[in-house]
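Below, each structure is written out as structure tokens.
Look for subunit A in each of the two complexes below; its partner is subunit B in the first and subunit C in the second.
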Partner chain A sequence: MMDDLEKQIKEALAKKEPSPFFEARVLGAVKRQQKEHRASSRLWWASAMAAMLLAITGSVWQHERNVREEAAGKEAKARLELALKITSVKLQRISRKVEGI
Partner chain B sequence: MKKFAIPVLLAVLPLAAQEIKMPVNLDKLAAKASEVVDISLDGPLLQLAGRFLSDKDPDEAHVKRLVGGLKGIYVKSFEFEDRNEYKDSDVEELRTQLKAPGWARIVNTRSKRNGDNSEIYLKTDAGQISGLAIIVAEPRELTIVSIVGPIRPEDIRDLGGHFGIPKLDDNPARKDKDKKEENQ
Partner chain C sequence: MPGQAVGTETDADNPGPRTFAGVLRAQQSMVFSIAYHFLRDRSAAEEVAQDVFLQLHRRFEDLKSDEHISYWLRKVASHRCIDYVRKQKSQAAVRLDDVPTPSVDGEPQDHFLNRRLQSLIGSLPEKPRMVMILRYQEDLMPEEIASVMDMPVRTVKSHLQRSLAMLREKIDRSMGEIR
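Entry: the complex of A and B
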């Protein structure tokens, strides 16, 4: 009985040669992992760059829009001032004529 | 039918907004005039201008309130080197439009001596002012103003002395001087 157990333990602990393609499979798995890691890292960087580019483009577009809107607003204000100036002066003159009659 | 209706609608819409249509022959006067001012501020442009008027500056805040409810301001002014560069008939088309229901001429001054003719028209809808038109025809100058929306003439007249608008002197001596200058 003891002999059987001893035999079984010996067999279990005996040095076994790995299968012929074991090393190749391990190295392949490591390489695959490294490749996947590099691909995922590249994807992360690409996403980050795209997000940054989008943010910069958006910010530049918004800035240009604000500049254009400010210029248009100032132009409209200047035109409004001139329109009111002409109208007010004409109305003041008419008012004076009416008062003078 | 739709093909026809859409362009017609698009052509009519700006006219509806402007209320009165500036006659085409006025544009021809621009060629004869030595100075031309042509200002066209529709609703969105007025809103945009309003956004650039300060609430802190009392004059600007007042103008902002004044133009806040307006739908359009249109000004055409021509200055000529010589007298009689334009004819009364150039303005007649406009006067015809101002005879439409709702419009009333509230002021008409005519000076044979100076050849000046000033008219103020008001448009009312349900007892509320909804438009103002001014025609000032002088020998060397023709000015037409059309304002769409609720505005009283005195509101704009009283802007004199504010918002960079000159206030004409009420001093009688100055008035005489002005008259002399006008006669020259």
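Entry: the complex of A and C
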């Protein structure tokens, strides 16, 4: 049961109306918020796509580099084998000459 | 959900699905009044109320009933008001004893009393002030206030009792001075 003071407090705290433009202002802010959300979503997707593209480009580039390095390694190995064969033949010739002396 | 429609001008005539614009129209007075009685500043109250409704718009799809929306709005408005005041700490808090007694010349007794009560309630510490607003503006029971404010029921009752006793004493003193 409310006493007089409580009734008076209730009256003092009666609901008030905001300014007449409040509703329109909130709806405007909501629209701005939606626009910003859409813009940030687009930015997020663009960033995600750019990151994905970068990752794919990076991995392709890395793969090509590996292939190039492997080919260069094989070529170097073949040259080394050839050089060793030539050296071996020359050594055999020298050895035969030394034995003939 | 931020992508949803904000409603149309015909919400009031058409009792179809609930729209954000319809809820805004129906609840703006409640949210604004909580903020206004707490902050005692119209522009600050509108700023807080707008933030509350923007937050509501983001959560609108999650809130299933009108009761849930009202509860959610009271809760968010209460907490936002308290946060707002805490952020404005640089401004000197108005101490209870500093609250001026308005002049009564030419003012009806009830008007004077209302303004005095508003000043006194506005000078209460944050949580007791919000408890008083929820009790006497929103007619909430202590159990409901406890839920909105995330505090024990006995704390709500204690805030109410102490605030009422203080207001009674201050008002009696003011009336004595006037007489």
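Operating definition for what follows: the second predicted complex is superposed on the first by the 81 of 101 C-alpha atoms of A that agree within 3 Å, B and C clash if a C-alpha of one lies under 4 Å from a C-alpha of the other, contacts with A are read in each partner's own complex, and residues count from 1 in each chain.
By definition in this document, a contact is a pair of C-beta atoms (placed from the backbone, for glycine too) under 8 Å apart; a residue touches a chain by one contact, two chains touch by 3 or more.
Remember, it's a predicted structure, so these values are computed and weren't measured experimentally.
By the touch criterion defined above, A:Val30 lies against subunit C but remains apart from subunit B after alignment on the C-alpha atoms of chain A.
By the touch criterion defined above, A:Leu80 reaches subunit B but does not reach subunit C.
Residue contacts after overlaying the shared chain place A:Ala46 against neither subunit B nor subunit C.
Look at A:Ala71: by the touch rule set out above, it reaches neither subunit B nor subunit C. Contacts of A:Glu11 after superposition: subunit C is touched, whereas subunit B is not reached. Residue contacts after overlaying the shared chain place A:Ile56 against neither subunit B nor subunit C. Overlap of the subunit B and subunit C contact sets on subunit A: empty, with no shared residue. Across the interface of their complex, subunit C is touched by residues 5-6, 8-19, 22-23, 25-27, 29-31, 33-34, 37-38 of subunit A.
Of all the residues in subunit C, the ones that touch subunit A in their complex are 2-3, 6, 20-21, 24-25, 28-30, 32-33, 36-37, 42, 45-46, 49-50, 53-54, 57-58, 110, 113-115, 117-118, 121, 132-133, 136-137, 164, 167-168, 171. Across the complex, subunit A meets subunit B through its residues 69-70, 72-74, 76-77, 79-98, 100-101. Of all the residues in subunit B, the ones that touch subunit A in their complex are 37, 39, 41, 45-46, 48-49, 51-53, 63, 67, 73, 75, 77, 107, 109, 111, 116, 118, 120, 134, 136, 143, 145, 147, 153-154, 156-160, 163-168, 170, 175.
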